[in-house]
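Read from first to last, the chains carry the letters A, B, C, D, E, F, G, H, I, J, K and L; within each, the first residue is number 1.
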Amino acid sequence: MKILIIHGPNLNMLGKREPEIYGATTLGEINTALTAKAKELGAEVSFFQSNSEGEIVSSIQDPMSEFDGIVINPGAYTHTSVAIRDAILSSGLPVVEVHISNIYKREDFRQKSFISGVALGVISGFGVNSYMLGLSGLIDHLRDIKNN
Amino acid sequence: MKILIIHGPNLNMLGKREPEIYGATTLGEINTALTAKAKELGAEVSFFQSNSEGEIVSSIQDPMSEFDGIVINPGAYTHTSVAIRDAILSSGLPVVEVHISNIYKREDFRQKSFISGVALGVISGFGVNSYMLGLSGLIDHLRDIKNN
Amino acid sequence: MKILIIHGPNLNMLGKREPEIYGATTLGEINTALTAKAKELGAEVSFFQSNSEGEIVSSIQDPMSEFDGIVINPGAYTHTSVAIRDAILSSGLPVVEVHISNIYKREDFRQKSFISGVALGVISGFGVNSYMLGLSGLIDHLRDIKNN
Amino acid sequence: MKILIIHGPNLNMLGKREPEIYGATTLGEINTALTAKAKELGAEVSFFQSNSEGEIVSSIQDPMSEFDGIVINPGAYTHTSVAIRDAILSSGLPVVEVHISNIYKREDFRQKSFISGVALGVISGFGVNSYMLGLSGLIDHLRDIKNN
Amino acid sequence: MKILIIHGPNLNMLGKREPEIYGATTLGEINTALTAKAKELGAEVSFFQSNSEGEIVSSIQDPMSEFDGIVINPGAYTHTSVAIRDAILSSGLPVVEVHISNIYKREDFRQKSFISGVALGVISGFGVNSYMLGLSGLIDHLRDIKNN
Amino acid sequence: MKILIIHGPNLNMLGKREPEIYGATTLGEINTALTAKAKELGAEVSFFQSNSEGEIVSSIQDPMSEFDGIVINPGAYTHTSVAIRDAILSSGLPVVEVHISNIYKREDFRQKSFISGVALGVISGFGVNSYMLGLSGLIDHLRDIKNN
Amino acid sequence: MKILIIHGPNLNMLGKREPEIYGATTLGEINTALTAKAKELGAEVSFFQSNSEGEIVSSIQDPMSEFDGIVINPGAYTHTSVAIRDAILSSGLPVVEVHISNIYKREDFRQKSFISGVALGVISGFGVNSYMLGLSGLIDHLRDIKNN
Amino acid sequence: MKILIIHGPNLNMLGKREPEIYGATTLGEINTALTAKAKELGAEVSFFQSNSEGEIVSSIQDPMSEFDGIVINPGAYTHTSVAIRDAILSSGLPVVEVHISNIYKREDFRQKSFISGVALGVISGFGVNSYMLGLSGLIDHLRDIKNN
Amino acid sequence: MKILIIHGPNLNMLGKREPEIYGATTLGEINTALTAKAKELGAEVSFFQSNSEGEIVSSIQDPMSEFDGIVINPGAYTHTSVAIRDAILSSGLPVVEVHISNIYKREDFRQKSFISGVALGVISGFGVNSYMLGLSGLIDHLRDIKNN
Amino acid sequence: MKILIIHGPNLNMLGKREPEIYGATTLGEINTALTAKAKELGAEVSFFQSNSEGEIVSSIQDPMSEFDGIVINPGAYTHTSVAIRDAILSSGLPVVEVHISNIYKREDFRQKSFISGVALGVISGFGVNSYMLGLSGLIDHLRDIKNN
Amino acid sequence: MKILIIHGPNLNMLGKREPEIYGATTLGEINTALTAKAKELGAEVSFFQSNSEGEIVSSIQDPMSEFDGIVINPGAYTHTSVAIRDAILSSGLPVVEVHISNIYKREDFRQKSFISGVALGVISGFGVNSYMLGLSGLIDHLRDIKNN
Amino acid sequence: MKILIIHGPNLNMLGKREPEIYGATTLGEINTALTAKAKELGAEVSFFQSNSEGEIVSSIQDPMSEFDGIVINPGAYTHTSVAIRDAILSSGLPVVEVHISNIYKREDFRQKSFISGVALGVISGFGVNSYMLGLSGLIDHLRDIKNN
């Protein structure tokens, strides 16, 4: 079972800026934790981060034959990208959308997600733990499908 | 660590109707699974189900001194109840909102949640596993707070 | 053929208040007339009135095995209750929505019905006769189904 | 007691096209059934069908001295015709609006009716039986008025 | 100087129905008064009334070579007809829009006019005198143009 | 018969600026023409111009006992002044709203008038002739009332 | 003179939670103060608190013959309950709506009240003193009516 | 304790016009009653009335050093004046907004108040008694502050 | 292969008015060109033009058994006619919507088409060539269907 | 005559995924067919595909001196890219917007195109034939310009 | 080169109130700094402050023959005054709109400016330096015009 | 003091296209002028231009340790990029938003800026001088901070 983890724009700065808000955990540390969690759950993870909408679209096209599912934190593109939505739709893969902060507590324009409507599930507000819960939920889902 | 699980309106019918859609798992079985999961994570859970908005408000007021957090599936009241929102705000407890289906794939009026804006986090779309992930996320959060 | 008639909030006051507007017919008299009409059409009716959204939801869950259909005047909950909508959906029963007054002649917020979208049919504006027409339409529908 | 039945645009094609959706009943058969029903209820009916908004306006102007009420299925003009609304208002006659399908289950633009706000009552969703219920409701209403 | 006067839907009923609201003046009497007024101002008027949007469009196309301007009371089509708007635009003639009642005091949907944006001027609320003022304003305008 | 003519903000600049757009007629010349027209129609006119909303409100309060009606070009306050609307309502006088340009051809925010809903009638788009037509319409109206 | 005081959802927690925000005054203390104030003004008060919309509707139906007026703090139901609005309308009693906080300073969804449109008057923002002012205003109103 | 009472546009006409609607009480009589009420409550009041938004802004700037609070009936400027809102904000004084009629029962554009969001509290619908209740509420508030 | 070409309101004036805008090509010349084009593509075309919405509805009903598809330029009815939309739906024929000008560059109310949602395809902005492209696209589509 | 064909995001996956929906034709095959069609029409085509908004902007800037026009299928950027709109505007080239599916039959957010308002023409819904019709329409347009 | 500087409502209180927010600089000091800056740039400045919309309109009308341009901080009238917009339009002078705070960071109703659409340019958020930058930008613009 | 100047999409074409609109100044010449201006004000500038949203995000992340502030003309991304907004927020640097044209005079969708809400200040409409004023304003701001 192979999972692709996609981190959207500005997430490469995690832990480097505003640690009082986003905590001191860096993206590298999140990835290390996800690798460990995946191993524990009998799966394998790869990582991709980009500030570019187009590169994220391309990264979703690539795993077609290789990956069984995707965990994505689309960052700011959550609210503006129809292209990522279309890429997910066209991939046919189960995709879990995760957010570190609870986006429903923020500005009005962050209440609308172009991704949620094509995602398997959405997890928002648990800090970096949102990634772990999302990975866990995706793997459980893939197991369920295999067993049915 | 004591957690209250609240099930909103119509969730008492789970597994009894439309099994082809919502699966054959009954609310009793979900509660059994949650009890097991809680035990595994070193916590204890109590359950409350009601079709009445007022009773759900009262159930949130009750745990004040006893419970450390709440996992709630507000069902249809998600979209219409300011009273439950106010009860959560006033309880001061961390509350996790869960949904069995992915509400962002459904009718327009289900896209607006009065609860998300006062919840710690939101989990939607993982079937009955949404409850497990929510319980897990809440317990992790309570541990983090205790440790900091 | 067994039909449940549900009267929503404030309908228990019919005939007791504002007779110049709503007429002098009480809810008891409406129920008597419906019983007679049902008998004439070869059916049987039961009645339920509540001011509570949650109790109406519960009343819709109960008839599952017993009733063949429901005639509901959801009163003010027409415009605010997603929970009653969900209960109807989950019951799988044919439901006819009736209103004594023509709701489309009233305030803007009364133009939106959460119930109409899941009802078999809607009848509005014929005074207490709306109930008779609704009962009649529901029984005709049940006969058609049985015969096809 | 004389009633005018008005059928709006495209209703002349009933039973000829898409019988799997609208059934095999033709407009002629509906009219025959309405004539019988009217006779049974001690009334007399005339019929008018047109695809033209202007002709429907004119048909409502004509009955002024002759008819006691109108049953109208305004079809697509329900949602766009202020002219038919004005004709009804100016006729001073009681008008019942009927729809074969439940328009509240359809596209957003079909949720708004220019006619409902000036109708005596509205009946929607009972198939061709909507006409029978509408005729019945109108005749009951005319009797009530005569008797008071 | 030749002017076409167009009366929209339902205006043929003026004076025949609801005289307590619209007065006892018939459309024939309005036309007689307009003929007299036109004569006094050195112009000549023709009349056209129709309940059909299409016929009104055609009547605007016809005068192309003959008439110097149009006074139109578009009635209910004021709020719904892009076709009449287009016909006016394409005619290149100065058109004055008149209304017997003050449409800005009425329902919300009557506040929007598709015609006003392509009219020379708009007169609303002076009863049947709106026609006289409109004819007068149009003739003054045509004189001004001729003299400049 | 005494009429007050009120000119709103910026109208004092008529004929002094942008003559290519608004023509070369000054406010003084308009007033002279209105005086002549009033005399011809057997009435008397007074004038008031102000750039201040408050002064226009006060001017409407003053005529209470003296004037029979008001012709007002509220200029920019048409779209923003509830205070002038209230003053008109409270005066109980018939008020005619006039505009030199056709405001329905202009920016969206000029389509909404706070005045039209409390005016006897509205005249828009006839250049300075709008004032003459408005005066004429008001005097006709006052005559009609006196004669009935 | 007998007045019913109704406290909506979550108001039973006043003074028990978040005293830094809502003050240390409990609902019991408010009721005691209201009883004293009423006595001073020559009236008598009864109290009702519920978290349930349906029970509040029923409480408004009950006083029909007994009470002269109602002071209600509808809490969260202010913004969502058409049923309470209908109950007030149907009771025919003068009703004063009060709020402890100034609801116009809060979230957008709290700006809309279904109750204000059927209330005699509204008082918002004076802390628990809103109840005293509301009681006072209601009694003054009842005196005025009696004296006229 | 010194309080400034501000009366907005058109309120100078109270009791002089439309007595059947607004009652026969003049602004002078209201001020006399307020002076008496203030004396009874151990405070002193000054009065200011203007039809001009700018003068009301200036009147709010003036009391800076002298007054302890303001009771304002902003009349029509309630719905249109950001300038008065800003003056209140900048004054730093507690301000009570009062309305004679219940503005929530009136036109849509009267539902939005630019003042409520910066007021201490709002009182609407108690006739001229709204002023007395507002004065009372303001003085209570000032006492509370002084005592804490 | 037989195709019906429908021209909506005002298109009969093409080439006769405003040639500087719409070009000098008349509707007759367009039809001649379409006949030639159809012949070249092995198809046959018939033509219908009307200013009346109802006649266009009827023209769509007629071809039922005869035509294989329709090319329609609905003109102004594009934006207002649910009746034409319903006629197309009910015909079951593939329909291509064409516009001479690019409607997406024009007024806001021209951005909404009731027809596009039920059309096979839409072509807008190529001048009279839009008809040729539309005919071509329809014939290709019919060939594809026949071959599969 | 040289034409640039631009394919937006996700179009590189055509024919590789979801062949049951989008058909088995790959982007390569579309390009081959366009090259042939162009040759037949006496023109030459180049191709550009990118998932990146910025690269598409750059591709439109490049052809400035070389290309005579552009055919673009902006894919998901149709609905979100002001940058591509600006690039088209600034290029001064005639641009034809094409879509394989009929976007007016899809989600609401796909009804708004930032491109249509600056395009020569729009073609939507003819499958891959939309490209052929668009190329054809563009070449005809360029010929017309050259000949006039 | 002569420039008029206009300060809108409440700006006369700058430096006197809330110095912690708006700084300690008074309007007099701003004017002194502007005079110096203007001198340095070879221009001359005059000043006008008013809380009255009407007086600001009049101040813009006055400079007609004297001033070369205007720098205006319209304060609260930015969001509500069509009259000031019209005065600017009619003056034909280049006008620079400045704001001390960044209005785009504030309440929703402050995001809309009636002035920006008729201004040469807008500067917002640089504290009192916004005036200096605005003066500078206006003088540069006037130089450019003179030199071209 | 080191400042980064960022030019958004299509700005690389300045001076090369549509010189009659945007002037003949190229981006290179703007940069040269900015370098000179910066030197004169005792600062140093670097430049970055990209058509790609992702690259602009990355460019804002880079300067973290090096630059004291940013002047950005986000071009079309002003209206669509939440990602650039987030990058600015996360950088913690003061950012000045500049626009060559006055965006408030343009299409509706250009009235909304995702950047203004997180910018220090905004300058729009002064042609290429907007950059100079923005640089100047930013440097003044940085000096003020250093001195306080």
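Before moving on, here are some points about what is shown:
Rule of thumb we're sticking to: a contact is a pair of C-beta atoms (placed from the backbone, for glycine too) under 8 Å apart; a residue touches a chain by one contact, two chains touch by 3 or more.
Predicted, not measured: the structure shown is a model, and the values here were computed from it.
Counting hops only between chains that touch, chain C reaches chain F in a minimum of 3. The set of chains touching chain I and also touching chain L is given as J. Same interface as C-D, judged by over half of the contact pairs sharing residue numbers, among the pairs I-J, A-J or E-I: I-J. When the C-beta contacts at I-J and at A-J are tallied, the pair with the greater total is I-J. Distance between chain centres (mean CA atoms), chain J to chain K: 47 Å.
In terms of their C-alpha centroids, the spacing between chain A and chain F amounts to 64 Å. Shown for chain D are the residues that touch two or more other chains, namely 52-55, 80.
In summary, the structure contains touching chain pairs A-B, A-J, A-L, B-C, B-G, C-D, C-G, D-E, D-I, E-F, E-I, F-H, F-K, G-H, H-K, I-J, J-L, K-L. Residues 52-55, 57-58, 61, 64, 80-83, 85-87, 90-92, 114 of chain B touch chain G in their complex.
On the chain D side of its complex with chain I, the touching residues are 8-10, 12-13, 16-18, 50-55, 75-77, 79-80, 109-110.
Taken together, the chain B residues at the contact with chain A in this complex read 102, 104-105, 113, 116-117, 119-127, 129-130, 133, 136-137, 140-141, 144.
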